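The structure under discussion appears below in the form of structure tokens.
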Amino acid sequence: MLQNMEERQPSRENTLDNTVRVETFSDGVYAIVATLLVLELRVPVLSVINSTEFLHALRDLVPEFIAFAVSFFTVGIYWVNHHYFFHGVQKSDWKLLWSNNHHLFWIATIPFTTQIVGKYHTLKWAVGIYGFDMALAALSIMMMIHYVFFHSKLMYPGFPEERKRSEFRRGMRGVYLYFIASALAFINVYIALAIFIIVPLMYVIPGLLNDHSEINL
Amino acid sequence: MLQNMEERQPSRENTLDNTVRVETFSDGVYAIVATLLVLELRVPVLSVINSTEFLHALRDLVPEFIAFAVSFFTVGIYWVNHHYFFHGVQKSDWKLLWSNNHHLFWIATIPFTTQIVGKYHTLKWAVGIYGFDMALAALSIMMMIHYVFFHSKLMYPGFPEERKRSEFRRGMRGVYLYFIASALAFINVYIALAIFIIVPLMYVIPGLLNDHSEINL
Amino acid sequence: MLQNMEERQPSRENTLDNTVRVETFSDGVYAIVATLLVLELRVPVLSVINSTEFLHALRDLVPEFIAFAVSFFTVGIYWVNHHYFFHGVQKSDWKLLWSNNHHLFWIATIPFTTQIVGKYHTLKWAVGIYGFDMALAALSIMMMIHYVFFHSKLMYPGFPEERKRSEFRRGMRGVYLYFIASALAFINVYIALAIFIIVPLMYVIPGLLNDHSEINL
Amino acid sequence: MLQNMEERQPSRENTLDNTVRVETFSDGVYAIVATLLVLELRVPVLSVINSTEFLHALRDLVPEFIAFAVSFFTVGIYWVNHHYFFHGVQKSDWKLLWSNNHHLFWIATIPFTTQIVGKYHTLKWAVGIYGFDMALAALSIMMMIHYVFFHSKLMYPGFPEERKRSEFRRGMRGVYLYFIASALAFINVYIALAIFIIVPLMYVIPGLLNDHSEINL
């Protein structure tokens, strides 16, 4: 706001001098996706209204509830990583905006694939597609990070090169893991499902227990 | 923005220097949850279109409308408390982000449990589950507050220790109340339902009437 | 951010030193309500897929499309007024937050009443309820404005008293108009419907045509 | 915030001194529309649960998935252009707010027209209406830009006049293109559908490949 006009002139050829709006827009998409997931949990219509019928109907919702919870916390991981990443980004440009839109596209499909795996968790294709969506969401955020870290001048100056490389390597592990889980679904769906449940737990729990909040993913 | 890079370096091991984005993301989730609640109010399909039929159909929606209104204002209480709490928080860290995500998870389930209690308010399990969800939403926000107040250095300096203890004790009363209401549902659903309706009234009305806006919950 | 801790201490007994979050939360609710309205426009399921059938099905949606458009721009009016109002507000307090939540409650019910009037625009009760909802949305925003203008110290200093009174009087005209339209629905639904359509046009069009953007509502 | 009260006084007759809230509100609408699109992708209900049935059901969703993806990235284009445009805007006024609301109205209808074209992509009217909606979304953003560029003093001073004219001409090409695509739907739906798919690709891909991020639309 204090910069002179030479710098402030918006231009498709150069950079935007902050990242406020891309963060607001992304927060909106993450918040909506996380919250929409619960819309799939439809209250059962009971033929006879009593506790036995009601509990039976709820029991049938258990797989969908688990799918909702797993996707909610997995979207939470993407949001936390997005937040940490953008904390180091000073400016945005056209490629960053579109790399981010690409990532948000795969985030936006999560309610659909969550619904699929919630309903048909015994079908290898349903489980495989869910894992593939998660892998693409992870890959697309890493593509954005790769561009900003290694092919742009959008970071705050002084961010150590070694740190960029180690963060990038760490992030890529999640991508590999989801592609592998997606492939494993065609061998045994329960192994893939276990991975989907374990990843967020493995990611979140240790950081909450130790004092240094190291992240292992 | 004016700080030098030593301080600004985002790091999973240390703190983020503001709470803007965690507040934006939370506002998004609260706003969506509050607004989604009304989606459950489905316009009745009338076999004969006349005022008598229409009013009968609306009358059948009364329990769902009450459930919507109660949940809307209860979500409002969580938002107001979240707002007041974060007003005293200077920085965020990984544990704060995840404590907050945990709280938002229970907030995100409110449209589901509201729908349940709106449809089956005579079933003890439906009413009990609604109260349990509310208790978990309250407990999870208190867990976040407990961490930030007593196990972190994220508050603005100078916040009095006595004040933290009294605010925490006051907040825990709501947690106990919802757990008790949830248990009472199995004795008599109407006592539990009365508590759900009275809590927001008790919380909001006195503050609007007196000039000092004391909060009693 | 530059104020010292004495001022910054959040307290339920005193004021919050800005209005950022109440505006973000409100923007979220307004944006969601405006956008959810279109969810009611369900694509017709055609028994035979051809242009004639398709156009017939679309024609049946015309009343719902009009209801959607009218509610969208009416919500737009509330948002614009909310924006102009908060532009003059420096601080928030507990009563402002809850007056605002009360207003947002009536805003959140608009998708429901819009759906009612879109489906049953020939029923006096449906039209009356829509007008009543609009009147309560208008009344609740005026209650908030009344509190802030005349019973608080939350405005930027120097806002002229005469200006407050004239703005308040002007705003109350909308409240009366919607209560009257709501009552007129029981005499003739088409008069009430005409008012709902004319109000946004009357509010928006003249301001776009003349250069001084005077608002007549 | 540092300006004195003479300048800050909100007034319907003069300008608001920033564009924060109109951007937040717009980001909300864009984020919701982009994310709601996926709600139309309903998980198929299978009579027999096996992979063959599941893949058949998914195959039937392909046109809707393509419609979702195309609309997502087209909404992304509007958001990116809106972001770049507002980056050069210093202040807002009543006409800007309403020009923006008008634009958001056509954005808000995109989930409806996307659903139509996803379900009935062989019907010329369905495809024509989709193109017409896109054309109106493009036209309405250009109307806002026209007002701000040529009939207001809302831009940061120093924005070159020649640049305004060239940006405006470039933007109008998209408007013409969508009106033409909409008309072509009545000759051959596949030509129109191809244009809807090619436009976002043509807009996004070249910018990602070259280093100067020139935009060709």
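Order of writing sets the chain letters: A, B, C and D. Residues in each chain are counted from 1.
The working rule: a residue touches a chain if its C-beta (ideal position, glycine included) is under 8 Å from a C-beta of that chain, and two chains touch if they have at least 3 such contacts.
In this text, all values refer to a predicted model and were calculated from it rather than measured experimentally.
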Any idea if chain A and chain D meet via the same residues, over half in common, or different ones?
different
If every chain is reduced to the average of its C-alpha atoms, which one ends up farthest from chain A?
C
Go ahead and align chain A to its copy chain B using Cα positions, then give the rotation in degrees, nearest 5.
90
In whole angstrom, what separates the CA-based centres of chain B and chain C?
24
Could you tell me which residues belong to chain C and also touch two or more other chains?
24, 28, 32, 36, 39
Under the stated contact criterion, what part of chain B meets chain A in this complex?
5-6, 8-10, 12-13, 16, 21-22, 24-25, 28-29, 32-33, 36, 39, 93-95, 97-98, 101, 104-105, 108-109, 111-112, 115-116, 119-120, 122-126, 129
Which residues of chain B touch chain C once you look at their complex with the stated criterion?
23-24, 27-28, 30-32, 34-39, 41, 43, 46, 49-51, 54-55, 58, 69, 72-73, 76, 79-80, 83-88, 156-159, 204, 207-208, 212-215
